[in-house]
Amino acid sequence: NSQPTASVGTTAGGQPNTSGGLDQPVKIGYLPILDASPLLIAHAQKLYEAEGLAAEQPVLFRSWAAIVEAFLARQVNVVHLLSPVTVWLRYGRQLPGKIVAWNHTDGSALTVQPEINQVEDLGGQTVAVPFWYSIHNVVLQQLLTQAGLTVVRKAENETIAPNEVNLVVLPPPEMVSALANKSIAGYIVAEPFNAAGETSKAGKVLRFTGDVWRNHACCVVFLHEDDITQRPQWTQGVVNAIVKSQHWMRDHRSEAAQILAKENGSYTPHPEAVLQKVLTGFDSAAYAKQGAIQHPEWAAQRIDFQPFPFPSYTEELVRLLQQTQVEGETAFLKQLNPTEVARDLVDDSFVKQALQQVGGPQAFGIPESLLREETFKAQRSLSFLG
Amino acid sequence: MPDSLTRPSQQRLRLAIPLPLWGVLASVLLWWLATTPVLHSSLVLHDFSPERAFAATLQLLTSGAIAPHIWASLRRVFVGLATATILGIPLGLLVGLSRPIEQSTSVLFQFVRMISPLSWMPIAVMAFGIGDMPVYFLLTIAAIWPLMLSTAAGVAAVDRRWLLLSRSLCATRGETVRKIIVPAIAPHILTGLRLAIGIIWIVLVPAEMLGVRAGLGYYILDTRDRLAYSELVAVILIIGLIGYLLDTGFRAASRAWHHEG
Amino acid sequence: MPDSLTRPSQQRLRLAIPLPLWGVLASVLLWWLATTPVLHSSLVLHDFSPERAFAATLQLLTSGAIAPHIWASLRRVFVGLATATILGIPLGLLVGLSRPIEQSTSVLFQFVRMISPLSWMPIAVMAFGIGDMPVYFLLTIAAIWPLMLSTAAGVAAVDRRWLLLSRSLCATRGETVRKIIVPAIAPHILTGLRLAIGIIWIVLVPAEMLGVRAGLGYYILDTRDRLAYSELVAVILIIGLIGYLLDTGFRAASRAWHHEG
Amino acid sequence: MTTEPRSFFSHTAAISPLPTQSYASEASPALMVRGLGKQYVTPKRRLTVFDGIDLDVQPGELVCLLGPSGCGKSSLLLTIAGLQSADRGDVWVEGQAIRSPHPSIGLMFQEAALLPWLTVQQNIAVGLQLRHMPRLSRPALRSRIDQALLSVGLQDFRYSYPHQLSGGMAQRVAIARTIARQPRLLLMDEPFSALDAITRLEMQQLLLNIIAQQHCAVLLVTHDIDEALLLSDRILLMGRNPGHIYQSWRVTAAQPRLRHTQDLMTLRAEILAALSDVMAEPAAMTV
Amino acid sequence: MTTEPRSFFSHTAAISPLPTQSYASEASPALMVRGLGKQYVTPKRRLTVFDGIDLDVQPGELVCLLGPSGCGKSSLLLTIAGLQSADRGDVWVEGQAIRSPHPSIGLMFQEAALLPWLTVQQNIAVGLQLRHMPRLSRPALRSRIDQALLSVGLQDFRYSYPHQLSGGMAQRVAIARTIARQPRLLLMDEPFSALDAITRLEMQQLLLNIIAQQHCAVLLVTHDIDEALLLSDRILLMGRNPGHIYQSWRVTAAQPRLRHTQDLMTLRAEILAALSDVMAEPAAMTV
């Protein structure tokens, strides 16, 4: 029933939509990681239908490239993307799409060999990232530079100086094997691969990204720009459903894990135990003891859900991206003005409206003003180090 | 000495365990030695061990969880192989028989066949959307080359006396192809089919990345995503088993052509 | 009528543009019609158009940015092909010549060859880490089968009279293999090589996922990740060109064996 | 063995441009060849295999072609059959100029050229089930094959595969395959070379019977002078370097010739002498 | 043509268990075959191709094997050469029991069996460059090949490939390949069947010279009674269903036999009669 069309042009048929475009089915594209859960839970709970939308079975993809390709080919129209990817898409590639909401916050970690105890120990080693345009790459490079290490991208036979860290891109499933094989010193990636690394005793979590950049977004909900402008009602419905789903998940983490698990449906391939561990079994005290959490006062969860796309985050993201090494053409990044990007890339009007339906910002514990300061602390701020 | 050379007509002394089993047993033993928890400490490694893999296979098969995946993949393999055969063999015949056609297409074909299915993917999605269609496309485009090349090589190797015979009997082009060339190259076509089925299984895994909901390739990717390596090995075993059965079928067909026995 | 059948010795009238070019031109035209910005409005589609692809190719080649990738991949292709040849041809000979060896290994081989390189990946990384080694492993294990199967099929097709001749001359096993079988199956081995190189390019793309820093497969994945589709097509063109040149080399070698002209 | 008058053969001059024009002149000859020439071009050299060949075969006539090994007999037969193009000259079959194989020609190669994946009877059937042949009903086909097998004495081997046959048996299958098509012009390249004396006599008799019944024309290459003497209406001797018709004889003795072997001895000696002369000719002319 | 006394052949009894025991008794025979039997088993049937074969060939002796097409001559030769296993019976070569090919046997197949990817001279060289052969220096190898090519008259074709040869030329290359190895026992299956009369005489003379020089033994299958009469010291006639030695003759006429053709005529007639008898024997015994 999905029509193979290849146009990124205007509405199918070209008629102005009196119905606000409610006739268009919601076609979700997702990766089998927990980042996708708000979209999937909304589907499982029939929240799209509740908004008067038709929703198709969400489509599973295996790589960021594939999901973007399907999005561009209009095979799917609601996707979650890494926040740096959206910057790259809109400004690097001039592809019209917008962020309408955050998907989740935190939910990633830096996993390393057991004998590595601090970031400095990574000097002279290789670390894997999942994708150049990922929040993981951004955070990792910040951590490394602030620890006085130089980020390099070297060929295999070149030697890595003790003050350098070599980055490679690896598919997440291979990261655990590579860590077990000791051919990399660590990797930074989304859950549940960190949990898996711990379970297999191949490594341990060195830092949670949420402990470096407080309540940072990792994935965002991304829609076609013409859907936003020409199907405002449809867009509102989608955002409402996602926000309601996030709201529900905050209080029903365990049920969410059940719904998403491979045993109970066909959303993700992960066993319930792993999902439960990520969603509910967060022992922050233990992690504080091993140094993976250095800001216990932030009271961060391993993964959390909150829809509002703070402009300050977008601005900070653009600033950090401008300092980050990525593969390929990056000239466009230099041209970006963070404030302008925050205004242009993100359309928060739908979220604002949706928030009202669940009881306002405080339902998610965010300030009524919908403003915040970004907190990015690579090192423990105080003299805890002793 | 290679046995078929020295004693064509002599029967071999039968071992109590048939030979094919010996090979399998020996390799399982090696596999066990390389991965068993008894000898190794790495937890990840243990997942690859035969004991776990066999347990997982049994579990997958008895619980029936794998059945829909098997059917989905078999359907795709079949469609891909059929399409590739329908296109590849006539193409191979044309290329093998006609120098002008060979010359005008060879550059193109040599170009196209070097393209990895993974690089076709964006194009497949653009052209066919997601679901079964792009998978069929990727499988076909991967499997067509061994069929085409083997067929063309077979045509080149057809005994020239048989072609002379056919011409002397005033056979038409079609008759020459149907009655002389196709039977003469049957072994080549079967080799092509055997290779094609191998390539199809190879490509099935990346192809089933494309937004499908079931299939053995899909399942393999699933197990990789959740690091369920014993299940991964189990699915590999199941794929191997199916592939082996298909291959055995082809070889039986192949033997039917070798009357020389 | 297939030309080689009707007029074996007659020269063809030469067209002003040589035939291979016609084929290429026709397909570029079709490609252009399907993707050109002149006729289509989709922004993504434009990236696939020949004008952009050629521009990107030119840019990649003249800037020299692609050179290290080409060398890295060529090295891997060469190592993979060489290893696969060194293993695959003797294996094919053994399997083709000896029924006991064939019987004791065929189940195993049929199993193994159905395993996609993508499913080998976790194992390759466990065993070889990241970098060149697992890539060599994946390329070899993918390329070995066409070589082995073609060789074995060739051995099966060797004229029985030549084997009788060799035995009547009291040639040793080694002499029979070296002087009769290997020359007799040279065309089969060359077909196997041609297929192997195709498979190697196919597998190169997923294989270069494994933490290498350069290579055409790596570059393709990179372009996909960056949605740089015109560069993707450019790399495909470059891979196609290299593949075509290698293939032409093989076919020239192949013609040297076909004295029958 | 009875003796008959000596005048049973006439001697025509050698190397005549139109060797034998006017002996059965009303109908057009079954085969007419004029000025035929052929070169083989290999990377290493260019070999004129035969040149300036003129010959005719009338319906109901059997002409034998003798000549030293490698003089170009097989090449000439293949060229007449249209299987390889001539470089100059023309071939007419039943008055029709031909450059490609013609359905009323039956060619038997020097090698049996059986298809190894077909049984003996299938090998024979192949030639009968082509589009240009009149369609045969199943029983008609069956009876044609049966008859052909019976006449070459291989009725017990209809289900054997070629590799299960002896050399002589394979040759007989090739004969059966050719005659089953009932051609008007038979071109045979050493058809009986692998047969023992008795079987060979049987096959020769079979051939004569077929000519008598179907009034077809036969051009037969042989290296056996006795065979030529026993069978032919005319004998052509080919010279070499390049191949050419060196001399020709008409044999007029009545059949069965085995009765007249003594009488044919003189001709035999003459042919043998001519063959020696031909083989002593200077070589070369390899351009 | 001179005439000689009639007593030039002796007639031994047919189907004797040990056909010819004691005529050159001091050395062990070059070839001794006792009670040899062979079956071909195909899915469809089981054919006893020959059985109870006894024969001897002494060094310097040439024995011809005649018999109807398909009686098992080629199969017998392959079995003696050790290329296919016998089901019963034994073969001794120079006193040594053998079951597999022996370096001092030279076998020439009924088909030329040339390797198509090698030139004529390379085809000959293959048989000379094997491990069991004495190592030859380059010039020695070259001269052996040259000599072999010269003796079959193909010195101009050393660089030709097999598909560029005529049928008779290919057969001569096969002869050259066999004799270049200087075997002690030559097994030849219709070696001259594709040669014209003169070339055939030359090749036959070549064979006789080789026997005279190297004192080797030859077992030669032929379907040509005259050839057998011209060449052989003894003639064996094989019967069929299953193949057996039906009758044998000793030919004592001196060489060159062409001088004595008239005298051999009686023997010729006798052999022909025996051949007719053999072919009239009841068929079957196909188990």
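Order of writing sets the labels: A, B, C, D and E. Residues in every chain begin at 1.
One rule holds in what follows: contacts are C-beta pairs under 8 Å (C-beta built on N, C-alpha and C of every residue); 3 or more make two chains touch, one makes a residue touch a chain.
None of the values given here were measured: they were computed from a predicted structure.
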*Which chains lie in contact with each of subunit B and subunit E?*
C, D
*Check A-C against C-E and say which one is joined by more contacting C-beta pairs.*
A-C
_Under the over-half criterion for shared residue numbers, do copies subunit D and subunit E use the same patch or different patches to meet?_
same
*Take the average of all CA coordinates in subunit A, do the same for subunit E, and state the distance between these two points in whole angstrom.*
87
_Centre-to-centre distance between subunit C and subunit B (centres being mean Cα positions), rounded to whole Å_ = 16
*If you average the Cα atoms of subunit D and of subunit E to get two centres, how far apart are those centres in Å?*
28
*Approximate Å spacing (C-alpha centroids) for the pair subunit C, subunit D*: 50
*For subunit C, write out the residues touching at least two other chains, lowest number first.*
6, 44-45, 121-122, 126, 160, 167, 221, 224, 260
*subunit A: which residues touch two or more other chains?*
6, 65, 69, 73, 173, 177, 180
*Residues of subunit E touching 2+ other chains?*
100, 111, 163
*Under the touch definition given earlier, write down the residues of subunit C that touch subunit A in their complex.*
41-45, 68, 72, 121-122, 125-132, 209-214, 221-222, 224-228
_Applying the document's contact rule, which stretches of subunit E touch subunit D when the two form their complex?_
40, 42, 44, 66-70, 72-75, 110-111, 156, 159, 164-169, 172, 189-190, 193-200, 223-225, 272, 275-276, 279, 283
_In the complex, subunit B residues that touch subunit C_ = 1-5, 12, 18-20, 22-24, 27, 44-45, 48, 94, 97-100, 103-108, 110-119, 121-123, 126, 142, 145-146, 149-150, 153, 156-157, 160, 163, 167, 173, 176-177, 187-188, 191, 194-195, 197-199, 201-206, 217, 220-221, 224, 229, 232, 235-237, 239-244, 247-248, 258, 260
*Write out the stretch or stretches of subunit B touching subunit D in their complex.*
161-162, 164-165, 167-172, 175, 179-180, 183-184, 186, 257, 259-260
_Show me the residue ranges of subunit D that touch subunit B in the complex, using the header's touch definition._
78, 81, 83, 100-103, 105, 107, 109, 111, 113, 115-118, 126-127, 130-132, 161, 163, 181
